[in-house]
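Please read through the structure below; I'll follow up with questions.
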Amino acid sequence: MPAPAHTLCFRVRYSEVDPMGSYYNSRALEWFEHGRGELVRSLGMSYREMEQRGVLLPVVEAHVEFVGRAAYDDLLKMTSTLSMGGRARFRFDVAIESAATGQSVCHGWTVHAVISPAGKPIRPPAWLVKLADSRDEG
Amino acid sequence: MPAPAHTLCFRVRYSEVDPMGSYYNSRALEWFEHGRGELVRSLGMSYREMEQRGVLLPVVEAHVEFVGRAAYDDLLKMTSTLSMGGRARFRFDVAIESAATGQSVCHGWTVHAVISPAGKPIRPPAWLVKLADSRDEG
Amino acid sequence: MPAPAHTLCFRVRYSEVDPMGSYYNSRALEWFEHGRGELVRSLGMSYREMEQRGVLLPVVEAHVEFVGRAAYDDLLKMTSTLSMGGRARFRFDVAIESAATGQSVCHGWTVHAVISPAGKPIRPPAWLVKLADSRDEG
Amino acid sequence: MPAPAHTLCFRVRYSEVDPMGSYYNSRALEWFEHGRGELVRSLGMSYREMEQRGVLLPVVEAHVEFVGRAAYDDLLKMTSTLSMGGRARFRFDVAIESAATGQSVCHGWTVHAVISPAGKPIRPPAWLVKLADSRDEG
């Protein structure tokens, strides 16, 4: 029974590449956000709707391993997986590879707190826990 | 009687340089914002304080001419000038040059509307008009 | 006989939105680059291939009019058009609107020089001029 | 005998803050780069000069713990420390706090490989090892 996961493809933008000819390291964290946004959408919710329901998920920890290069216009394939990362923590694991060769570009994870718009930690609502728990029950 | 102006120096960051070895074009607009923020501060106000007083100055128009290159770690000198750009518009003109050679890197301007936190256009308060009008009266 | 044009849709990322709740102004220039890259691809070329052929097209002028807001996750529709902007200049005009309502978000243009990898201005090769001139000849 | 360290102050830019009113997470990695660049400079070298000597230090691993908020225009104090992170690895540890209150904003580290401009791993030259080893010998 696998965790909720989602895969998407995107191209490296010119603005994301540095003088070494590969993507600048911090871009990985922006890509991770893109991936988890689409994963949440694929579960029938959107992160925007979450915010409107009064649930914010700020990143409290991030880790990235930079394994391979990715040049301008390279097509990348990103797979994001959602899991509980503690009682009131969510965790997204992300792996990015070259769509052409399958070689790893980078992988890592982010851990997210659950807070109110006022910035207070809150207990994750049932619908949110259920989301992280949704999976094919074939 | 010159318009309010301010000059500062900064270095080009690695993350701001693209594969051609010069700063990526959109970075100029981020630098412009840095320049106008410090100009406003030099006038005894801060943009944050403006926002707290209920006055937002979103950019409604931006123009940049890219004249020269600037590589990673180059020291740049940026001069920003403030003027009224209409009855309810403010305009910042910005020029960026190499601190070492004085050669122009880019120059341009932004035009700003005056709005409330709710997004409605407002008449610029007296203190704001006065700010744009402040200058040495020797 | 219309100029070469291309339309694509994309969502505003969280990292692109500022405290006012709308996209930060410099992001428009990154979006413009995305648009012209896909326009060039739609003409059977890629900007990367151009670079490999020794032709670089740095931005020498950029202009943006910020007309409307776009919040996180809003779906935007961007149309880019290519034209000659002088004997050795290319120009891309870009218009971005809300995919849902059709309301304008921003529009503007960039002008591009034609240079060699060594940074010298060069005469645009025939294949490049032809590209800017390609259109349906029904 | 402490490791080479360097402290600098900077303000959070408007473009770096997201709709939650605090800096966007990936910005921390850009700040880290700023910090290590200035640390290297304080040791009498510059990262640019390193590159000119044929030594590149791409990030191979990054980790950030996001502890506190930082709003637009907040003055932050960043301390970077350099150490060997293995035989051919360098490691920078970074801590960022509010300059006003001393409260932690975030901290983390990056690990760097040592490669040639052609992308091949190389043995760190003696001057580089010495740099990481430099300290006051009172």
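In order of appearance the chains are A, B, C and D, and numbering begins at 1 in each one.
The rule we apply is simple: contacts are C-beta pairs under 8 Å (C-beta built on N, C-alpha and C of every residue); 3 or more make two chains touch, one makes a residue touch a chain.
In this text, all values refer to a predicted model and were calculated from it rather than measured experimentally.
Chemist: Check A-D against B-D and say which one is joined by more contacting C-beta pairs.
Modeler: A-D is joined by more C-beta pairs in contact.
Chemist: Please identify the chain with the largest separation between its CA centroid and the CA centroid of chain D.
Modeler: Result for max centroid distance from chain D is chain C.
Chemist: Quick one: report the Å distance separating chain A from chain B, using the average Cα coordinate of each chain.
Modeler: So the centre of chain A lies 34 Å away from the centre of chain B.
Chemist: Averaged over CA atoms, how far is the centre of chain A from the centre of chain D? Could you give it in whole Å?
Modeler: A distance of 24 Å separates the two centres.
Chemist: How many angstrom lie between the centres of chain B and chain D, each centre taken as the mean Cα position?
Modeler: That pair's centroid distance is 28 Å.
Chemist: Name the residues of chain C that each touch 2 or more other chains.
Modeler: Those would be 14-15, 26, 30, 33, 71-72.
Chemist: Could you list, by residue number, the parts of chain D that touch chain B in their complex?
Modeler: These residues of chain D touch chain B: 11, 13-15, 30, 33-34, 37, 46-48, 71-73.
Chemist: Over in the complex, which chain C residues touch chain D? Could you list them?
Modeler: 14-15, 17-19, 21, 24, 26, 71-72
Chemist: Write out the stretch or stretches of chain A touching chain D in their complex.
Modeler: Of all residues in chain A, those touching chain D are 20, 22, 25-30, 33, 56, 58-67, 69, 110, 119.
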